[in-house]
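Which chain is which? They are A, B and C, in the order written, and residues in each are numbered from 1.
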Amino acid sequence: MIRFEGVSKAFGATPALDGLDLTVPEAAFAVLLGGSGAGKSTALRTINRLVEPDAGRVLLRERDVASEPAPALRRRIGYVIQGIGLFPHWTVARNIGAVPRLLGWPAARIAARVDELLALLRLDPDAYRDRLPAQLSGGQAQRVGVARALAADPDILLMDEPFGALDAVTRQALQQEMARLHAATGKTILLVTHDVEEAFALATRIAVMADGRLLQEGPPRELLDAPADPRVRDLLDGGAIGMRRLALSQAATLASPGGEAPPSLPRIPRTATARDALEAMLAARAEAVLLLDESGAPAGVVALRDLLRA
Amino acid sequence: MRLAALLPVLLFAAALAVLPLTAPVFAALFPDVAEPLYRRESFLSLTLSHGGLVLVSLLPAAAIGIGLGIAATRPGAREVREVADGLVGFAQAVPPVAVIAIAVPAVGFGAAPALLALVCYATLPVLRATTAALATVPPDVLDAARGAGMTPRQVLVQVELPLAAPPILAGLRVAAVLAVATAAVGAVAGATCLGTPIIAGLVNGNPAWVVQGAVLTGLMAFAVDGLLAALAPRDQAGPVSIGSAASRPHSSRLPS
Amino acid sequence: MPPRLIGPGEAEALAFLIPAALAALAATALPARLAVLACAGALCALLGALGDAAARLAGSSEAARLGPAAGGWIAIGALLLAARLATGRAAMGARGRAVVAIGIAAALGAMLALGLLDNLGLVREAAARGPELRVAFAGHLQLVAAALLPALAVGAACGAIAFAAPRAGTSVMGLLAALQVIPAMALFALLIEPLAALGRAVPLLREAGLRGIGAAPAVIGVFLYLLLPIAAAMRAALGAAPGAAVDAARGLGFAPAQVLWRVRLPLGAPVLLGGLRVAAVQAVGLVTLGALVGAGGFGVLMFQGLGQFAPDLILLGALPVAALALMLDAVLRGLEDGLSPTPEAAR
């Protein structure tokens, strides 16, 4: 759990954080969302003390981060940045093993951990271990960056616009990868982005910031249904709110038993979202879709008007 | 490529070996001169003495230059940076020969004024190369290093210095070449070096000595340049070529 | 009478070091602009005190040569450095620093005019050698100009070639860089004999003043050294315009010559001027060494002083060289700032 208590920070005369209060629950995939200058990166960097607050404090698992030396603290926290910041003079393996080396792990344990992480991020250890960062594509480099952040099995993972510099296809692939990693490891992840799509694709909780303050925090659906501030509504983009809401709803929750559905209905898996259901209807010019369970048996029908309940 | 860089070294060695045998040649070239070959000291001992001046001054110059360069690039060291800038600017305006001349009343004739000027001027290219190279280490790499939990010393030793090493070595190479030139000027204050035959020749109206001293001094500069070029690790990390434009050899030459 | 130095052993030394230390403290403790004033004031007071001390020590002796000893020089150096630091802290920029420098120079001139410093050895030496100093000054400037102007033309041409034909340019720039490796003293010395031979072979050149010993080897040597900074600056200046700006100009229908004159050169002008500045400062210093092979300039005084073991004469040769170089540097830096197309400098 991460808790900000009245955290303020100014750079010269420019305030970056203005009394931020925020709690990120354990095991959440939390996204700090806001425009540029909202203070979200500064907030993130107060957690690993790359920024020291002027006032207030930051608690990590109920312990003030200022209570231990910054290097020791940072070795327990994974950190991924947009520029990736791989050390250009070290191989992929040495980059990933950076924090374990700082912690004094034996060489064999580091080597095993490096291979494990490369495999976890779907990079062939034999092919990538000894490469230099310049020999990687942007997406591969960022996978290595994530592996490096996870190397010493940190309590939490901080990600500062990690996919901002990648092309759309690579970005989406890595977003799916992160969702999978979060589900697999159960780590608390705090990700900073200005990209609303990214926030909704990844977050279990979203915190919207502006002018160094928290505007609203909660599950994505709550922000859509009850924006606490006009700026939250603006940021979430009025035109897309309906579609986002559909994307957050399971089609199965809107289905009716269906009975004898006409065979011409389009079919989608029961795990699909309401947005997938709408897409299938529009594509087939049909007014309803048939949900199928894992065995392929009909599991209900979603009609066009059912979507209004999403 | 490495061997080609060593060619000037061989050329210098050959000249050093052949020159003592060339008295008849210089007698023919300069018929008016009574003593066609400089024999007050052997060319080898002049070379060793010249090389000694360069080596003795280069070590403290490297230590001061790199140390000051590191200090000047630490966060919050604006004052150090300003002092370093001021010193470099002032030293560029004053030619080494003036420093040697001014030092004579204070430290006397001989090697001392040359050494003083040598340390001052050899420090500058190292200092400039170090500050420039450290300033070009990408900020996201530094951010990542700190974020990974490296202490400031670990960041410096494991990340900054390895990345900045090639330009710093290039700065050392410039410093060494500059030191060869400054040491030669030291002859005007009585330092024993390859500049000595030049000064002796100019004073005594013996152009043969001038040529002998000048040829050896020039070849020695090329030899030192070639030697350090051959020793320098060349982009072993592949992508790392930071600051290469800012600190190319020769680009930060000072008047000598 | 041997030169007596006002040294740290004497009571005056404290009188010099204390204001210097106070000023250095002031430079860090006071508001920046006030600190600049404090340093400049302390410097003038220090010089005045030196002149006063010299007057008392000299008494009626005309032959005495008095100058500051180590303590005094360190104090002067410390004050100059403190002033430079304070100007940096005040973010005064090149123009502000030039104003401060002119102010200090004016104060120094006033003290000299009022005769406050007349008893300092350096000032006596300068007064006694007035005509020689003027000759050295004129000679130094002539030598610098004689090397710098042709180097500008040839260096700029080399830089343009290097920009237009990178392949040929690499060898041209490599050659110019190799020239830089040759120590100046060796180059000057090596030029003597070929030039002497040329003068013997071509009487016309000899009549025009070309001799082995004299200005020729120094001017040619300095010319050769200046080619690299000018060529490198020219190449960089031509490439300084952002690719997008050049593309846009072409797209708007600019002819190649118009792209050069209206886009590339205006945007590259500060870079070119920076090269000129480096070359000019180098020329002032390199010419000094030319006195060794018989060229004129302040180096003549310096080597004369070295031969006679006369510190004041050495300084009389060295200080104007440093002042000239620093002034050229400051003036050309100011011009560079003025030419820079960034909005900050345009304000």
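By definition in this document, a residue touches a chain if its C-beta (ideal position, glycine included) is under 8 Å from a C-beta of that chain, and two chains touch if they have at least 3 such contacts.
Here the structure is a predicted model, which means the values were calculated and not measured.
Student: Going by C-alpha centres, which chain would you call the most central?
Tutor: When every chain is reduced to its C-alpha mean, the one closest to the whole-protein mean is B.
Student: Going by average Cα coordinates, which chain is farthest removed from chain C?
Tutor: A
Student: Return the chain pair with more inter-chain C-beta contacts, choosing between A-B and B-C.
Tutor: If we tally the contacting C-beta pairs, B-C comes out ahead.
Student: Per the centroid of Cα atoms for each chain, what is the distance between chain A and chain C, given in Å?
Tutor: 59
Student: Please compute the C-alpha centroid of chain A, do the same for chain B, then give the distance between them in whole Å.
Tutor: 54
Student: Averaging only over C-alpha atoms, locate the centres of chain B and chain C and give their separation in whole Å.
Tutor: Using C-alpha averages as centres, the distance is 21 Å.
Student: Which residue numbers or ranges of chain A touch two or more of the other chains?
Tutor: Within chain A, no residue touches at least two other chains.
Student: Two or more other chains touching the same residue: where does that happen in chain B?
Tutor: none
Student: Please give the residue numbers of chain A that touch chain B in the complex, ascending.
Tutor: Checking each residue of chain A against chain B gives 48, 50, 70-77, 79, 81-89, 98-99, 102, 132-135, 145, 148, 158.
Student: Under the touch definition given earlier, write down the residues of chain B that touch chain C in their complex.
Tutor: Checking each residue of chain B against chain C gives 79, 82-83, 85-86, 89-90, 92-95, 97-98, 101-102, 104-106, 177, 180-181, 184-185, 187-189, 195, 198-199, 201-202, 207, 210-211, 213-215, 217-218, 221-222, 225, 249-251, 253-256.
Student: Inside the complex, what are the residues of chain C that reach chain B?
Tutor: The contact residues of chain C facing chain B are 28, 70, 81, 84-85, 88-89, 177-178, 180-187, 189-190, 192-193, 196, 212, 225, 228, 232, 281-282, 284-286, 288-289, 292-293, 299, 302-303, 305-306, 309, 311, 314-315, 317-318, 321-322, 325-326, 329.
Student: Inside the complex, what are the residues of chain B that reach chain A?
Tutor: Listed in rising order, the residues are 138-151, 154, 159, 162-163, 237-240.
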